[in-house]
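My questions will all concern the structure given below.
Which chain is which? They are A, B and C, in the order written, and residues in each are numbered from 1.
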Amino acid sequence: MAFGPHLLLAILEGLVTSAVLALTALGLSLVFGVMRVVNVAHGEFFMLGAVLAWAVATTVGASPASGFAAALVIAPLIVGVVALLAERLVLRRVNYDPEATIVATIGLLYILQQLALTFYGADARPVPPPFNLRISLPWFGYSAYKLSIIATSAALLLLSWLVLTRTRAGLIMRATQYDRETAQAFGIPVGRVYATVFAIGAMLAAIAAVLIVPISQAHYLMGQDPLLLSFAVVIIGGLGSLRGTVVAALLIGISDGVISMFFSPTLAKLIATLAVAMVLVFRPQGLFGKVAR
Amino acid sequence: MSPLPEMSPLLETRALSRDFGGLRAVDRVDFSVDPGEIRAIIGPNGAGKTTFVSLVCGRLAPSSGTIIFDGADITALPAHRRVRLGIAYTFQITSVYAQLSVFDNVALAVQRTLADGRSQDPSRGRLRTGVTEALERVGLAGRASLPAGQLAYGHQRLLEVAMGLALKPRLMILDEPTQGLGGGEIENFVALAREIAANATVLLIEHNMDVVMQLADRITVLEAGRVLAEGTPDAIRANEAVQRAYLGGGA
Amino acid sequence: MKAGARLYALHGAVIAVLLALNFLLPAYHHGLMARILVLATFAMGYNLTFGYGGLLSLGHAMFFAAGLYGAGLSIQHLGFGVPEAFLAALACGALLALVVGVLALRTTGVAFMIVTLMFSQAVHLAIIYFSAFTGGDQGLMLRPQQRRVETVLGTLNLTDPNTRYLVALALFTVVLFLMLALVRSGFGRVLVAIRENEERTRMLGYDTFSGRLAALVVSGTVCAAAGAAYGILFGYVGANFASVQYSILPLLWVLLGGAATTLGPLFGTVFMYYVVDIASGYTSAYMLVVGVVLILLVLFFRKGLLGTVRERWLRWLP
């Protein structure tokens, strides 16, 4: 394949990565932004979504489409419940203290990961995609399902933006993010907002995982890369900025795709990690974020 | 009667300004203090008093202007270097090490003045003497082993002063030192302040007008980030603009 | 100096017990303890940054790896002897800590945690990327001949279990007393002051950035020493020691034993290493225990073993 088509392929692959990454990172960004806590176990919610998708799809034997549809609904819901439990039992108890939350979510990471290892096993297992169309481009055929991921993600991001900016729930979330004490004074049930946001954040990661699992298989260690890349997106894109999250996801997803294809995945990740560190050191508000109050 | 020799000021600011976004908290302030003076800085809340002294001691960087200490331009000097030049600041909101003992709090200040402070064991002579001396001046020697967080608020304020003293400063900045103190404590503080002034120049931010009138050689009045008036206590008391802005309402 | 003498005696007693164990422990536990002693040294290095410095770093694996690979690669590719390799490892650790510190210490709190994590991940990825040189995921095995030291008293064979244990104990002892002296010194007091109230400390005339940087460099060098010892004594240099797991383990050991205590790291490492060792006999998901212990610690037992002891009974414990 010539260079041009090769590049196009890399970009398409990168767009798919960006689509999934944007959703995952949005989940992390919401939690980080509203609750001011870092959820180191965020990648494990992603993994859990994928693993549960496999479980649901295999149980609902009927057809790949119905299995997938069921998984898309059920897996995120279960992950949301797990997140709620974690929030109630642990995060609330340490009063969302930044350091304690980090340590606690590290613990949660290991628990979720190792439970997946115990009950799901160490194998990587595929989930059949809901449909198998291929779109014929002049140089190569491309999976229509992958393109549908991009579309779905874009739709969900648009929906999130509408909810955040146009609905009362979104307003409450933004108010709590901006000033917790004042929000409380205005009668906003901050505890419930936090629980909801934490659950939604986890569910977004789970949905992203369900979308990607027909392409890459479900494996108990698959949460590590999404965690790293989500961090990169949130930090480079800047907190409190949906636009920043999308732009950074595009940037990181596509460059990850291009560098991985033309050089090596390890190099791509190496560049991403150093970029995150440098941004934090020299421009902590990222590209579009507002400086913390 | 021969004229007094011209004293060069210990501290001088020229067109010192500080902006916070759109707000100009300190607005082109020209200010100078002579060695050995007790200068009170008064003004309504939000006048920029704490911001101004924070610029002087280095906690904040100025947006523009210069600061000159003992003839040298210290505008670009970081805070910790200014402390070592002889500027000490006691915090408006008490900032002692709550988990450490009163002794250890002051020891940190004394340690700094004992050259590098590398291997100073608390039982060594000079450190212990320095700490005891500072604590005795403020009257806290009996509470040396208590955790600082357990002291009454008024005593914590005194501990702040002790830490400042232990630095053996040339310019001592006291930011609302009597806030939260009761009547007798305030009297003790006034005596203490006079003692301090015997060895150092004092910048005193205060809302308590009695204390100001008792202690100040001169008073600078700030309002909305600018110097409204400056002069002796009597002159300030008689100044109409000051009365309107501040004194008239009762401090 | 009664207080000081008492402390040194206490620490000396601990060393004496560890020395006695060399002769009393059965072979399996003897080998385990040798590893634990080196890892406890790693934990002590971490404790300096986290416990006394108050900085949550998730990147100390990179310093351990700097020592591990600094020694391993210089033995394998440059033909260094053990002492020179050890010194090379220390230099690597110190240099890396200096570079990372100058950048990372411009941030605090959560940002610092992420920056250290990122740098550590970068080191890990670099080790994998340059696998032709480092052995990548598989790592390098050091041959027995490379793990001997010629001294005036004869050849010191570091593959011998007895020698290994004593060398590990020697390293541990040196670092333990170094830490004890450090935390009781003026520098140690300033470090704690910076942790408790950085701005106040700055306004007392201390250069807090340099203080933190110095502490990080010492911390990184100690961790590198542990890494070098681990590679030389046990003969294996591998990339997993640079993974995030080896940044989380010292955090766990120090939290459990008691952050900002001199002996806490030892107790934490011993306890947790045995717990994981026993758990791995039952299941391959033994890291689950790590997760559970971390959450329990953070919910109920923030000060850890010796931290609680110090708070409730022995206030003078360093």
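Simple rule for what comes next: a residue touches a chain if its C-beta (ideal position, glycine included) is under 8 Å from a C-beta of that chain, and two chains touch if they have at least 3 such contacts.
Owing to the predicted nature of the structure, the values given are computational and were not obtained by experimental measurement.
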{"item": "Most distant chain from chain A by Cα centroid", "value": "B"}
{"item": "Chain-chain pair with the highest tally of contacting C-beta pairs", "value": "A-C"}
{"item": "Chain whose Cα centroid lies nearest the overall Cα centroid", "value": "C"}
{"item": "Gap in Å, rounded to a whole number, between the CA centres of chain C and chain A", "value": "34"}
{"item": "Chain B and chain C, separation of their C-alpha mean positions in angstrom", "value": "44"}
{"item": "Centre distance in Å when chain A and chain B are each reduced to the mean of their C-alpha atoms", "value": "52"}
{"item": "Shared interface positions of chain A, touching two or more other chains", "value": "none"}
{"item": "Touching residues on chain C, where the partner in the complex is chain A", "value": "56, 58, 103-104, 106-107, 109-111, 113-115, 118-119, 121-122, 125-126, 128-129, 248, 251, 255, 283-288, 290-295, 297-299, 302"}
{"item": "Complex contact set, residues of chain B against chain C", "value": "57, 59, 78-81, 83-84, 88-89, 91, 95-100, 104, 107-109, 111-113, 116-121, 123, 163, 167"}
{"item": "Chain A - residues contacting chain C, complex", "value": "38, 90, 93-94, 98-100, 102-104, 106-115, 117-118, 122, 228, 231, 235, 264, 266-267, 269-270, 273-274, 276-278, 280-281, 284"}
{"item": "Residue ranges of chain C touching chain B (in the complex, touch as defined)", "value": "1, 3-4, 184-187, 189-190, 192-193, 196-197, 199-208"}
